[in-house]
């Protein structure tokens, strides 16, 4: 048991957005009572997976202190990040936590040379004070991602490929030798032939430099490839989490099951099963407003109780599942509902 | 409906009220910036014009002026007193035509301005937008390119110069239009006589042309830049790929979408267009608010100028407010949030 | 810089025309420093002479050589336009950046005020103001007043640009590179805001020169200073058209048109050139 | 019968700004055939020329794009057309939508935001078959929509009221109102979530199975091709590198680029290490000589640097452009 505080400890955070005008409008819960943590002595790649509107991007902004939670706390090395007020504290924070963004062509201003961002980072975070020292630091960081300062010097973003920029983006994040990197869909806009080098980079960082990575994605295949643990998000909730092999090889939540089935395999072997008819949900807004389990509207195993209240978190094997199917309560209702469920099968 | 009221209507009402408060406050503050006592300066200015004014009238004017400037009591009291009178529609008497109320004179001049301004605004809006869209959809067309250059030139030149040029050309070098007034000097307006209405129209052609010309340039240029963005929108490319006729695409896909921001722009330029109309009236000695204003300037009729300013602010603000309220009729995205 | 000029001259017809038109204007301005006549003096030359070699633009009914008098007028009008533009640029950039950056109630308040200024009919307000301040209305004061009224629309444009820039990823990259707000504004946002500032500067210069013409024609500016507006005022006062002295009206009107057209073309062509999209196209994006 | 025959097509973008002229050789010598009743997949990375190819074969060539050489011939049975010579009028009257329809990239925004969905249907139908009976049109449209599994009320909605997936399905419904011989679908599911993507692709497959027409499916996502396409063409830097039935492409890929594309894709349940190719796709304004893939190819030979490999048929319906393969088969 480790005595040092956890690297990252997310405790029951909820983010509500007020949509609409000054007086009216509605409350949208983008992140709903989410908790998870990363240990400081065991670097890992933790994936937050979900579709658009699942709240994963909001959650990443929260972890970067870009947003404040409506309720709950985000502790980084024991400190509540919402208490970071002073600029010096913020600089200390971003020395240890760094982001990598989704769109490589938006990460750097199209009108600036990319190396400037690396020099800025080195100087602002106090890694190097002189330009020559900084050049060394920048070059080291770039070599870390398989590039060098000579390759990117004087280059504008559009002169580099998406894969190169994304590597520069990782290099920038590495300059201050952070403990945690938040990568928000880092490969979704990178060409397939260049994608794996970036994904592999995260593995290398974890294994060789003890950097933990929070990998935010909608792509379950790369998530399976690199992560240690995964959390599946749906409409603001984490519906299932655990070691990636367990969650993706034997998904317990019906939503995870549907997601996994829907991922087309890059081989023409499962064409038939993939082509089975599926039920597409109602519009997104409707699912947000639903009471009880957000998936109830299109769940093949839906029960009465699912529409009444939020399901509890249940431990199933090594994974945690937010579903009545596995709760004590469900067993009772299940028994009552048995005849019907048999008919439906 | 409730959502519409809360999200759309209330912010607009707030904006409307802000507009009036800002405008009226500005007009309240301005006289107080004057380095001299405005009342005395005013009276001495009037005296210096040499007209023999009897002392009782001067005294009455002094009271009226002090009242008008709202110079009794502390600044805060003055400010509220100012509002108090405004809300009663009391803008005081004209100093030049003492004691005819300013409101009455403005009321008489306003129809002339509006009868010119509104049709000119509508016509320039329609043809400017139409040709602007046309010219960006048919970039190769020579005639449209010539129109564009004209539009750009006219748009960048002040109203006054455009008016003067038209005046010089069409009533001095080529005298086909009367040069001043809304009807010949010495005629009395008689709205039942066709003869009178015809001369009235004849006199209005040049002033209206000035307004339309300048407005046309503005709408043309604005529409052209809007449509050149819309032309590359997916739904236009799609409609072309689907083989829709050029006319249908131009009207239903390009103009229909580009016109929406133009409606917003219409509300924003009302103040400018109104100002332009005033200038145009001065050039053509057209008997509207503009002429009233210049006469007031020459005769130092302060209360008239104040009245015109306040009425203009309220009038323009109200027009903008009404247009804002009409906007959702044209844009389904606002209608169904 | 020279290359940019060369490229613009070679490939942009608008720019060439602008250079031609504005050279004329610049030459006039330079000549004003060498004028044989004092513009404040009257009846130095025979009056009402039509244009001739000796008096290229003719002479006025006040006995002034119109050409030399107009050299001062162009200089003063341009001076007014530039001073106004500088003042209103400072206000609009400050308001636009602040509102865009700070957001929240500051944004709402600033924008409510600026929207009001956009919509208000300025001419009546300016008439009222000039009327009251007529005695102290010199060129500089007029420029300041116009500057105070001419910032609102541009502040709005800048704000909306900053709002969208703030949401773009590279702003966040800069934030997590530890860059301070000041440097983010200068390095990340200014290159995108600059074209707007530049384009609006033109509009503002033109607008203020036009406003001066308007107020002068109404007799509300300092009528002893030669400007394009006071030229027209004096011509009107003397009934130039009725008296057949058509050049007195035509010359300032034509020069105003040339100045306006020249500035307009200059700014549109430069503006297209410094537009980030064009720049991207040029660096091969 | 061949529906479409493309021979040696070259299509370039030529631009000029402030004296700098550029030629981007987006499609550079492409030949292939399309047959009735198949789903033909086109795969490749960004800027490999697949979007340009679609523009040319759908007759949407406009500056700066220019077809430099080659031919694009359609044979619809009752009507033949050469896409590079056809007049705009004829294109509109005889081909657009009635014979070739289009599901665009970013179909989310193909619907006019200020017009109800039904109006867009009306615009398209009226353009090609004058609507005389409004009621009949409405009934037919409803029936069409329902047959594709869409609820009737989408017709009375404005585009912004529909979800992304629903808009995409409306776009497909629009593309199929006239039973066209060819449907071109350009990245139809790129912006969609996997579950919705699956639904949309099912819809495309269903339509094709029912009307036995041809679907040209363009996407960078090999996994989609594996599950949807009958034949797949792989493009790289403006040229075809390989073309084969889906089974062959995935089971016996011959070109090193194809092999890499397939082997580098991670799969759930399989954790072996995947690697990327070195380097980046070339700049088409200045492509490498010889085989355009040679700077990145792990098996590069001298010949590859200078000689452009021809696209040769190695097996039935399996074509590949690689010097390695040529040697092996000799």
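Think of it as A, B, C and D in the order they're written, each chain with its own count starting at 1.
Quick note on the criterion: a residue touches a chain if its C-beta (ideal position, glycine included) is under 8 Å from a C-beta of that chain, and two chains touch if they have at least 3 such contacts.
Computed from a predicted structure; not experimentally measured.
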Selected interface, A-C versus B-C, where C-beta contact pairs are more numerous: B-C
Most distant chain from chain A, judged by the mean position of its C-alpha atoms: B
Where chain B and chain C are represented by their mean Cα positions, the distance between them in whole Å: 22
Between chain C and chain A, distance of the C-alpha-averaged centres to the nearest whole Å: 52
Rounded Å distance between chain A and chain D, as computed from the means of their C-alpha atoms: 32
Centroid distance [mean C-alpha coordinates] between chain D and chain B, Å: 54
Residue numbers of chain C (touch at least two other chains): 284
Per-residue overlap in chain B, given as positions that touch at least 2 other chains: none
Interfacial residue positions of chain D with respect to chain B in the complex: 58, 60, 91-93, 95-97, 101-102, 104, 106-107, 109-116, 119, 123-124, 127-128, 158, 160-161, 174
Chain A - residues contacting chain D, complex: 51-52, 160-164, 191-200, 218, 220-222, 224-225, 248-249, 258-260, 262-268, 270-271, 274-275, 277-278, 280-281, 283-284
Chain C-facing residues of chain A, complex: 64, 66, 87, 91, 94, 98-99, 101-103, 106-112, 116-117, 120-121, 124-125, 156, 158-159, 169, 172-173
Of chain C, residues touching chain A in the complex: 168-170, 172-174, 176-180, 183, 187-188, 191-192, 276, 279-280, 283-285
In the complex with chain D, residue positions of chain B that touch it: 233-235, 237-245, 248, 252-253, 256-257, 260, 331-333, 336
